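Structures for review follow.
Here subunit A shows up in two complexes: once beside subunit B, once beside subunit C.
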Partner chain A sequence: MNMHILGNSLMTTVQDLGRTGYQKYGVNVSGAMDPYSLRTANRLTGNPENAAALEMTLMAPSVVFDGPSVIALAGADMNPSAGGIPVPMNRPVYLPEGTVLSFGRPRRGCRCYMAVSGGLDVPSVMGSRSTYARASLGGFQGRTLIKGDSLPVGKMPEKGKKLQNILEKQKRKTAWTPWSAGIYPICESFLFRPFRYTEGLQYSDFSEESRTALERNRYRVTVHADRMGYRLEGEKLHLAVQKEMISEMASLGTIQIPSEGYPIVLMAEHQTCAGYPEIGQIILPDTARAAQLKPGDTMTFEKISLEEAENIYIQTEKQMRAMTAGIDAHIEQGGL
Partner chain B sequence: MDKTDKEWIQELMNKFQQSEITKIKIRCGEIELEMEKEASRGKKSSGIISETDTDGQEGSQNPAEEEILSPLVGTFYAAPSPDEEPFVKEGAEITADTVVGMVESMKVFTEIPAGVQGSVQKILVHDGDFVEYDQPLFTVRTEQP
Partner chain C sequence: MERQRDSYTIRSVGEASVLAVFGDTISPAVQKRIQTVQAYAEKRRFPGFIETVGSYTGLTLYYDPWVVAQSFPGKKAADTAGDLLDTYIREAEAASPVPSRNIHIPVCYGGAYGPDLEDVAAFHHMTEDDVIRIHTEPEYLVYMLGFCPGFPYMGGMDPHIATPRRQSPRLSIPAGSIGIAGEQTGGYPISTPGGWQLIGRTPVPMFRPWDETEPTLLQAGDHVHFYAVSEEEFQQIRRQKP
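The block that comes next holds the complex of A and B.
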C-alpha cells in the first residue's frame, strides 16, 4: 500500500525518533520535534513507537491511501477531515481505501503527527528513517514532501489489524474509537506554561542582570524558527565579561546567547557543536512543548535543578508507559 | 386512610423498590408520600414527579430523573481540554448519543455517552475528580410521556 501526497504544504517530512550515535561525526539526531506526539500517534495505530510517520508543520497536505488503513493524528489540531467528515485527534481512525484526508488551519499547536499502521516504509539511513533536510539525508529522498510524492506503507502489525477489524464493523465509512489517548492536551494553558531549564555550560559567566532577565521576561518566537532552532526576541542577555569561546557540543534544547544578545533555542535539527555561550538547557519534555509554538508565540523560562529535571523526565516516561499499556488494553478488549 | 389506600401505598413501595428510581415524592389528595432508596442517600436530588397515576396501570411509571453513571474508574473531565467549554452544562438538552464527559485512566480518555434523552439537571462531580465504577456523574430530567 502507498500513501499519496495530493497537495503542497509548508514543511511536511517523514520523521521517527531520530538518528542517534552519529553526532561525533557531525550528523545530528533530527527526528520528531515533538517526540511524545509521534510516539502517541504510533501507539494508537499499533506501531512500535519509533515507526516513521509524517510531521506536518502549520499547513498540512491532503493525503490518500490506496488501501484500507488505520491512522492516528496527534500533536497540533489542524482540523482534519476524511471525505468531508471531521476526524478527531488522538484516536485510531479507520479510513476505507481512497478516502481523502485533508486539513484546515491549525486550531492549536504547530506540528501534527500522522502515523499509519505499518509505518512509512522509507529506507533506513544510518539507523533511522527521519529526514535531515539540510543534509538531504533519510526520510523520503532526503527532502520535504511535495504534491505527487508516493510513499510505501509497511506491513500492518497485529494490533493494527485488530483495530481495523473492530472499526470496519461500525456502520460508518470512516470510523474511530470512542476513546482517545495522550499524555497532555495541546492547549493554551499547557503551551504557555514556563519552559523549564537547567543551568547551561556558561550559566555562571552571564551577568547577574541577564540571569534574572531570562526568568523575568517574555520572549517572542520570531519568524526565524524552524526544525534547527528558534530565534527569540525580547530582553537582551550578556556575559558579565566578554570572552572568546572554543566551539562546544550543543544539544536539543540548548539556549545559546550570541553576541547581539537575543536567545536562540536549539531544536531537533540543531548543529552538533556551537560557539555561543549557553545560558541554559531546556528539559526534554519542554522542548517537545516548544515544538508546538508558532512564530509570534511567547515563551517564559523557569530554572530548575538537575534533580527536578530528571524527576520530570521520569514522570513523563511513566505516563507514556501507562498510556501504552492503556491503549494496548483497549485494543485487546476489542478496541471499544 | 382506608384499606385501599394502604394497599395502594404498599403496591407503590414494591414498584419503587423494583424500579431504577432512587427518590420519589407523590401528593395525591390528602396523602403525601416521599420515598428514597438507601444507596442514594446523601446525594442531592431534586427529582419530583409532578403527577403519577399508577392506579391499575402496569409499568406506566416513567422516571422523571435518571442518572448517568461512570463506566470506569479514573479521573473525570468535564471538557475536552482545559481551555475549552465543558461538554454539557446544567440545563443542556441532551440525546442518548451526546458526549457528557470523559474519564481518564492510564492516559486513555473514554467518552461518556449520555445514554438517556432529556435535560441535564445536576452535575454531581467536578472536573478532575476521581470517580469510581458506576458512580453517578449527572442527573438528567427525562422527557415526560
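The block that comes next holds the complex of A and C.
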C-alpha cells in the first residue's frame, strides 16, 4: 500500500525517534520535534513507538491511501477531516481505500504527527528513517514532501489489524474508537507554561542582570524558527566579561546566546557542537512542548535544579508509559 | 552531578548528559585523552547509554534517565552516569592510548576545483604552487567532527597560508571542497553554503551514509595528509568509488 501526497505544504517530513549514535561523526539526532506526540500516534495505530510517521508543520498536505488504513493524529490539531467529515485527534481512525484526508489551519500547536498502521516504509539510513533535510539524509529522498510523492506503507501489525476489523464493522465510511489517548503535552494550558531549564555550561559567566532577565522576561519566537532551532526576540543577554569560546558540546534544548544577545534554542536538527555561550538547557519534556510553538508565540523561562529536571523526566516517562499501556489494553479488549 | 578530579571535571549538562572536561585549551594531548576514553566507553555501554560525543576539550555522554534509573535503582540517574564516566576515565587512562589512523587525502588544487587558490596565493604574494606545497606539507590532526556530517575541525595548518574568509559566502559549496578559513583548513563533506576560501577538491567521499560503521572519511584523532593530484587522477579516483 502507498500513501499519496496530494498537495503542497510548508514542511512535511518523515520522522521517527531519531538517529542516535552518530553525533560523533557530526550527524545530529534529528527525529520528531515532539517525540511524545509521535509515540502516541504510533501506539494508537498498533505500531512500535519508533515507527516512521509524518511530521506536518503549520500547514498539512491532503493525503490518500490506496488501500484501507488505520491512522492516528497527535500533536497540533489542524482540523483534520476525512472525505469531508471531521475526524478526531488522538484516536485510531479507520479510512476506507481512497478516502482523502485533509487539514485546515492549526487550532493549536504547530506540529501534527500522522502515524499509519504499518509505518512509513522508507529506507532506514544509519539506523533511522528520520529526515535530516540539510544533509539530504533519510526520510523520503532526504527531503521535505511535495505534491505527487508516494510513500510505501509497511505491513500492518497484528494490533493494527485488530483495530481495522473492529472499526470496519461500524458500517460507516470513516470510523474511530470511542476512546482516546491523553494529549500530553499539547493542550493550551501546557503551551504557555514557563519552559523549565537547568544551568547551561556558561551560566555563571553571564552577568547577574542577564541571568535575571532570562527568568523575568517574555521572549517571542521569531520567523527564524525551524527544525534546527528557534531564534528568540526579547531582552538581550550578555556575558559579564566577553571571552573567546572554543566550540563545545551542544544538545537538544540548549539555549545559546550569540554576541548580539538574542537567545537561540537548539532543536532536533541542531549542530552537534557550537561556539556560542550556553546559558541554559531546557529540560527534554519541555523541548517537546517547544516543538508546538509557532513564530509569534511567546516563551517564558524558569530555572530548576538538575534533581527536579531528572524527576520531571522520569514522571513524564511514567505518564507516557501508563498512557500507552492503556491504549494497548483498549486494543486487546476489542478496541471499543 | 559535579565532580572535581586532579586533571578533569565531570558535570551534568541537563538531565540526560554528563560532560567530562580535560582542559581549557586546544591541544593534541587533550584530544588523545578524549579519544582514548571515548573508545573505552563505547565498548562498555551500560543500560541507558545512548552515545558519546567528543569536542576540543571534553567528552559528553548522553543517556536515557528513565532506563538508567530503572537499571540502577536507589540512585539518581545523573550520579550513576557521572560515576560510570568517571570510572571509564580512570580505567581508560590506565590502559594504553588508542593508536591514531593516518589518512591520505588526494586533492585536485586550483582551477575549477579550487576557485580561490589564485586569490589565496595573491593574498600572500606567493605562487599557487607555493600554497599547494605549504598545504600538503604538514600532518594535520582532526580534533573533532561537527558543523555538518563528517566536517573535520583540524589543526596543524602553516599560518603562512592563513587567509580570512571570503567577504560574501557562497550559496552552495560542492561536496569534497577543501578550503581555508583563517588559520583553519578543512573539507566540506556535503554541499552547503559557506564562506571558506576554496583551494581544491577531493574525489574521495567524505560522508558516506551507506556505510553505517564508518560513515565519514575522517574521525576525531586521525592524522591527515593531503597530496596533490591532477584532474585526470581526480576523475580516475572518483570512478573507482562506489
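Rule of thumb we're sticking to: the second predicted complex is superposed on the first by the 334 of 336 C-alpha atoms of A that agree within 3 Å, B and C clash if a C-alpha of one lies under 4 Å from a C-alpha of the other, contacts with A are read in each partner's own complex, and residues count from 1 in each chain.
The rule is short, and it goes like this: contacts are C-beta pairs under 8 Å (C-beta built on N, C-alpha and C of every residue); 3 or more make two chains touch, one makes a residue touch a chain.
Note that the structure is predicted; figures quoted are calculated from it, not measured.
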item	value
Touched partner set for A:Gln319, first subunit B, second subunit C, both or neither	first
Subunit B versus subunit C as contact partner of A:Ile327, first or second or both or neither	first
Which of subunit B and subunit C A:Val27 touches, first, second, both or neither	second
Contacts of A:Gly84 with subunit B and subunit C, given as first, second, both or neither	neither
Contacts of A:Pro178 with subunit B and subunit C, given as first, second, both or neither	first
Touched subunit A residues, subunit B compared with subunit C	C
Touching residues (chain side subunit C, partner subunit A) in the complex	1, 12-17, 19, 24-26, 38, 50-58, 60, 62, 65-66, 69, 76-78, 144-151, 153, 189-190, 192, 207, 209-210, 212, 215-216, 219-220
Footprint of subunit B on subunit A - complex, ascending	90, 178-183, 185-190, 319-320, 322-323, 325-327, 329-330
Subunit C partner contacts - residues on subunit A that touch it in the complex	20-27, 125-127, 134-137, 198, 200-201, 246-249, 251, 253, 271-273, 281-284, 306-307, 309-310, 312-314, 317
Subunit A partner contacts - residues on subunit B that touch it in the complex	80-84, 105-111, 113
